[in-house]
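Handing you this structure, nothing more for now.
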Amino acid sequence: MVQRLLTRSAGAAIALGLMSVAALAQDAEVAEVSTELPADGQFVLNTLLFLIGGFLVMWMAAGFAMLEAGMVRSKNVSMQCLKNIGLYSTAGLMYWIIGYNLMYEGVDGGWFGSPGPIGIPDPATEGGDYAVASDWFFQMVFCATTASIVSGTIAERMKLGPFLVFVVILTGILYPITGAWQWGEGWLYEMGFSDFAGSTIVHSVGGWAALTGALIVGARKGKYSEDGKVNALPGSSMPLATLGTFILWLGWFGFNGASQLAIGTIEDAASVATVFMNTNLAAAGGVIAAIILSQVIYKKVDLTFALNGALAGLVSITAEPLAPSPALAVAIGAVGGAIVVFAVPLLDKLKIDDVVGAIPVHLLAGIWGTLVVPLSNGDANFVTQIIGIVAIGAFTVVASGIVWLIIKAIMGLRVSEEEESLGLDKVEVGVEAYPEFASGAGRV
Amino acid sequence: MVQRLLTRSAGAAIALGLMSVAALAQDAEVAEVSTELPADGQFVLNTLLFLIGGFLVMWMAAGFAMLEAGMVRSKNVSMQCLKNIGLYSTAGLMYWIIGYNLMYEGVDGGWFGSPGPIGIPDPATEGGDYAVASDWFFQMVFCATTASIVSGTIAERMKLGPFLVFVVILTGILYPITGAWQWGEGWLYEMGFSDFAGSTIVHSVGGWAALTGALIVGARKGKYSEDGKVNALPGSSMPLATLGTFILWLGWFGFNGASQLAIGTIEDAASVATVFMNTNLAAAGGVIAAIILSQVIYKKVDLTFALNGALAGLVSITAEPLAPSPALAVAIGAVGGAIVVFAVPLLDKLKIDDVVGAIPVHLLAGIWGTLVVPLSNGDANFVTQIIGIVAIGAFTVVASGIVWLIIKAIMGLRVSEEEESLGLDKVEVGVEAYPEFASGAGRV
Amino acid sequence: MVQRLLTRSAGAAIALGLMSVAALAQDAEVAEVSTELPADGQFVLNTLLFLIGGFLVMWMAAGFAMLEAGMVRSKNVSMQCLKNIGLYSTAGLMYWIIGYNLMYEGVDGGWFGSPGPIGIPDPATEGGDYAVASDWFFQMVFCATTASIVSGTIAERMKLGPFLVFVVILTGILYPITGAWQWGEGWLYEMGFSDFAGSTIVHSVGGWAALTGALIVGARKGKYSEDGKVNALPGSSMPLATLGTFILWLGWFGFNGASQLAIGTIEDAASVATVFMNTNLAAAGGVIAAIILSQVIYKKVDLTFALNGALAGLVSITAEPLAPSPALAVAIGAVGGAIVVFAVPLLDKLKIDDVVGAIPVHLLAGIWGTLVVPLSNGDANFVTQIIGIVAIGAFTVVASGIVWLIIKAIMGLRVSEEEESLGLDKVEVGVEAYPEFASGAGRV
Amino acid sequence: MKIVMAIIKPFKLEEVRDALTALGVHGLTVTEVKGYGRQKGHTEIYRGAEYAVSFLPKIKVEVAVADDQVQGAIDAISQSARTGQIGDGKIFVIPLEKAVRIRTGETDSDAL
Amino acid sequence: MKIVMAIIKPFKLEEVRDALTALGVHGLTVTEVKGYGRQKGHTEIYRGAEYAVSFLPKIKVEVAVADDQVQGAIDAISQSARTGQIGDGKIFVIPLEKAVRIRTGETDSDAL
Amino acid sequence: MKIVMAIIKPFKLEEVRDALTALGVHGLTVTEVKGYGRQKGHTEIYRGAEYAVSFLPKIKVEVAVADDQVQGAIDAISQSARTGQIGDGKIFVIPLEKAVRIRTGETDSDAL
């Protein structure tokens, strides 16, 4: 702590200055020290970083809502909006009641912390490097992101109630536990796993939970014909899907940038800037790769692949957006985009019905991004990365699988066939998304 | 001012340091002082807070536009968009020409300041704790918010011209006057009224003006049958309404967070962070309360109640987002959400036709939020809170009522019955919102 | 550099302080110096300004996408979304591979810098006033904006491939070259040309490229009858166009505000605040002017003119958002709004088919804004402003004209008549924007 | 049997349906259509260019009725759809040779 | 020749088309319509106010066929569109006096 | 009287309307429909899955005319709607027994 005061506070500058007053003007060493921000300034700026990053990631909740609203058929759009605002709210409560402390409070190299509501320290006496509430806010929106990933995959057939119950468990317990392993400085962190902003901790966890959900709830009626044919069920609004993607892209600067966790020094500020640059390069790489591949393979450029490509590029760079050179960042993102173009039809072959492509984007690109961290970050190694990916995947698959099955047994997960064909909006929401336009009845 | 320099500037630290050089390394007291940000840094950060908060609240103008565009029928969507961009622009001009100074310039415990255009001080000589222009910007977007509230309630039947004339008066005169009572440090402020970010000053004022407008312009044709039946007139686009709500939620972090008015010290930064946390908790509480109540009462979850619930939660916490514990913040917001579910049908029983639910959300939840400030803020008391609510309500009802009536007498407020059934877009805007889809003609 | 240390660092304050310890408490001069932010704090804040400004301008990419999606007919909406996400990604790659260095690296009063990929300095050793990566990010989004301008004008008839090839050249070579003349401190800069945030450098360049594109690709089928009649082809969604405009308006605070390039001192912070204020006033002036003129001339208020008016106001103030008084800012913006109302029909008379109005908004208002800089900025003069406008216009027209023609010769620019009437979505994208609603077939 | 096909103003649909229901007609089918007729459309201005909206939104009501109900249906529609303004619409009577209820296979008047 | 006009449930369209194609019918025209009939609509609640959605989405299929194909078309539609639930829809047979293929000018059965 | 019902390509609507107006036809009703016929639809690809869009957008024009105008209307439509390409559409002539103008109660040819 003395050390910290010496290196950060103007007081230190004064002390040093007094020791060598005469030398001051000439001695660059000393002058350099004195250019630093005083500690309170660092506290303020770190807090500001969390708040800005936090509101940008909060905005991603709107991005998921719009992307999913655009990718489902019009008869399920109100429900998709409802699920998204509902899950963001649920996550916001659960992560306060239990999640944050379960993830961060006294994990100490172990498996989880102490569940329980977080209190806000009195601002007047608060110490530390940033405001605790700003950290809570920033971490909470990450938790909500995990749940957003799930809602897209299981869209158009799952009931609202069971979905929100799953979100309660996911955001209150499952995500915080695996989060504790790494960001709570649990066992995985101690082993040297590296996941800067959460390719695995957030995106793959959401992706795994989405995958188990998709397997357990089954495909949408009509998606796969008995003769093995895959039927396209185009989404209701491409501009909304595009808007959602741009929102997510914007939010990602908060997601990755503020995961530097500090911006009070030149080094931290420059790192945040580098993260912004690499994040954008990877997303651009993902889009261009998806556009080119989709033109080459299908002779048309599928807009939804380009959109998914952006997101896959973003997920891919999330595990390590700081260390890669720009060229490597582009390459990592481009592979993410390629994953989308190849994995979407593959999942369809396996009859895994993922309405918005969340599994390729968040799970597969998340694994990819986590795997390649050691290419640029010398502190990471492939073995530990694989251990982390597998451990978190195994836990999430098993735990979320059990939760899905219990909910299924108690409440049932999906609407009836007839309700599904009528659309969830009529059945559960009571408010059609576009009452004046769409018949809500099969497309001619 | 000397006092301020002593407590804020590094110069003070030096002075103190010189008095006890030897003690420096050991004396925590002194070291603490020296960790503070120099005054210019505080100026910069306070200004930055206003600018960030300001652009977030500016973004709420888009949120209102989208929410309202989604909640009106397609034949009135272009008009609603036009009213929203028009009112934001009008507010932006009026608050410069007259409003800001009327609200802040020399109120001194009185009833209003000196109207007149605000000039921008020369940056080179500007003093104070923040840039005046940043404060103007931040206050201006609050003023515009007040007008946004009105446009939603009186949608689908009021003409453009009279509406914009009302906005001229509201944003140039009415809002600044009641604003001066409190934020301009007028009589109400001196009495000890407490309204952190404007549950009453902004939201209730907008709500009262909307209520008088709704009463004077009357209900939409077809909304209430002669036999007393309430007819649902569902909005054109639920995803746009959802988008609008998310935009407003995002903007609210600027609305409440930057209302701390400073972020240059640890205390202020921590307070802003706490405000972010409580704001989100209250909104989440509002959503979940509205979802649960709407399921219990109607057996379906009305998406528009969930959306209104979020906003009501936000309005409720706006009067005091700093002092409440997280649990209290959730509770305050949840009651806000409940207000929506009960008040919307109640207003319909009273044949007050509020297209988007602005009266429950902004007026009623605004009153609720203002009333409960003393629960957590020891400096406030219930009597003064009630005096403030009643005084501001009475003034706004009377003044806006008079303005509505004068405009009605001179220009007329609403379109003809036939024009209303054709839709305002055809009649006044000339550009249909969705020329290729909606017939603009009654829904089958 | 010593000077900078003296005026910026706390160390300097100490040195000075020691020289006149006794005078400290009384001497305002000295106290003032000591209130400054240490250099690292300025680095951090300048970097933060670039990052915030950068993400706001990045968000403008979404604004263009939504504005254009709303202004084209539904059969071309997916394509418009695809072009927008594609161009932003292309710009993001090209400006890294070649553009940034071509624009900034060693221009030294000349015509262009040294093309080549930019590397990111190691944050640990990075010096300067801001992080290089943050500057790259901020400049890159400006470059992307230029390309966004083009996509709107040539919508609904140009193929995807040729368009993206043009964007490669525009963002990699053309924009960086004219950018180098001024912002890279090339010959025009040395001559004293003044363009604060790019009315000419960004908006007119985009506008010129759009104009040559429109001339070379020709008008949409059906836009102009042989008898000289102009046929309105109304856009698909006015709320999306409105959303896009609000997004652009929000982004413009980053565009103009962060173009102050620094926020570490009182002066810079106050300047950024003034820029925010003037930017908003000009946009408001543009909207109100367009509303009033459109009511007076056409007896109806065209929403799309109001939207374009906001943007024209913003473009107009972009060349000098700091120096004008508020009243002048309103006036400059209002003329921008008027330009839209008069120039849109004029272009139609000339059979220049500009789908979204980008030429009036970005080119003409850009010229206007650049021309009037000397009214408020004493360092600028009309002759140099005109030289800059003409030189950049001439270069961009010739160079982009050649590029368009070469691409036309090699790949062809537009789809066949039949494809155009079917819509680009069916032909090139394969995904209709609203598969459940719009027939995609002529409007009744 | 006949098909009585009426083109009416959209906001009259509820009244027309109620009038037909009162007659004992249990089913009908409606379509959103656009009508061109003596009723002038309106001119809109989009970005300075005038354009005529000559097709106006109308609702087409089709109802299959037994021969003895035809006049009743015509009268019911005429009265309920009339505003007296130009553009009130038309009623057309078209011969109907056969009707089948898909669910049961019932035919003709049993099927209506 | 006749026009066979069927009102069916939307999700049955593909089956109906396939059944007709199997009969040798090469063309048909479909329209999105709303139907009112014995099949009850549903009540929705919007912001606390109940409202009845009494018009349900249906698809109208119109197919012009030669006289000898009429019964075949009726049967094909009946079978393929039937769910046995209320609301399956109706088939109406309307006389058709003349048919013209615009492209070639062929008339009547050559035009179908 | 007859109802002349034509299924045409959407972008031909204006020409057809003008041709009919030139004949002295004062009213007509149009509907957006989807057509299935010899004209192949197209295959789209959505997220790697092919799907056939076999129903193409068409416009249905319905115009009630007196018997002596039928052939004129057919000719006018045929000429104005023809592109010579497959998918130009069909014209169907259906008997019309009665017409009523709702506003005035005029019937038959007075009502057209």
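Note that the chains are named A, B, C, D, E and F in the order they appear, and that numbering of residues resets to 1 at the start of each chain.
In this section, contacts are C-beta pairs under 8 Å (C-beta built on N, C-alpha and C of every residue); 3 or more make two chains touch, one makes a residue touch a chain.
All of these numbers come straight from a predicted model, not from anything done at the bench.
> How many steps does it take, at the fewest, to get from chain A to chain D if each step moves to a chain that touches the one before?
Between chain A and chain D, the shortest chain-hopping route counts 2.
> Would you pick out the chains that touch chain D and also touch chain F?
Common neighbours, chain D/chain F: C, E.
> Quick one: which chains contact chain A and chain C both?
Output, common partners of chain A and chain C: B, F.
> So which has more C-beta pairs touching, C-F or B-E?
Between the chain pairs B-E and C-F, B-E carries more contacts.
> When chain D touches chain E, do the two copies use mostly the same residue numbers, with over half shared, or different ones?
Different: fewer than half of the residue numbers at the chain D-chain E interface appear in both copies.
> Look at interface B-E and say which pair in A-F, C-F or B-D is its repeat, using the rule that over half of the contact pairs are identical by residue number.
Comparing each option in A-F, C-F or B-D with B-E, the repeat is A-F.
> Quick one: report the Å distance separating chain B from chain C, using the average Cα coordinate of each chain.
A distance of 30 Å separates the two centres.
> How far is the middle of chain C from the middle of chain D, if each middle is the mean of its Cα atoms, in Å?
It comes to 53 Å between the two C-alpha centres.
> What is the distance in Å between the mean C-alpha positions of chain A and chain E?
48
> Where in chain A do residues touch two or more of the other chains?
10, 14, 37-38, 41, 45, 48, 52, 234, 237, 243, 298, 300, 302, 304, 430-432, 434, 437, 444
> Would you give the residues of chain F that are in contact with at least 2 other chains, written as numbers and ranges?
30-32, 34, 44-46, 55, 58, 94-95 - these are the residues of chain F that touch more than one other chain.
> Output every touching chain pair, sorted by label.
Here the touching chain pairs work out to A-B, A-C, A-E, A-F, B-C, B-D, B-E, C-D, C-F, D-E, D-F, E-F.
> With touch defined as at the start, can you tell me which chain A residues reach chain C in the complex?
Going through chain A, the ones touching chain C are 10, 13-14, 17, 21, 24-25, 30-31, 33-38, 41, 45, 48, 52, 56, 73-74, 234-239, 241-243, 245-247, 249-250, 253, 257, 263-274, 276-277, 280-281, 283-285, 287-288, 291, 298, 300-304, 306-307, 310, 325-327, 330, 434, 437-438, 443.
> Using the touch definition up top, name the residues of chain E that touch chain F in the complex.
That would be residues 3, 17, 26-31, 64, 94-103, 105, 111-112 of chain E.
> Which residues of chain C touch chain D in their complex?
So the residues of chain C touching chain D come out as 230-232, 234, 298, 300, 302, 304-305, 341, 344-345, 348, 357, 444.
> Which part of chain A faces chain B closely enough to touch in the complex?
By the definition above, chain A touches chain B via 2, 5, 8-11, 14-15, 18, 37-41, 43-45, 47-48, 50-52, 54-55, 58-59, 61-62, 65-66, 69-70, 77-79, 81-82, 84-86, 88-90, 92-93, 96, 117-121, 123-124, 126-127, 130-134, 136-137, 140, 160, 164, 237, 240, 243, 428-437.
> Which residues of chain D touch chain F in the complex?
2, 6-8, 31-38, 54-55, 58, 60, 74, 77-78, 81-95
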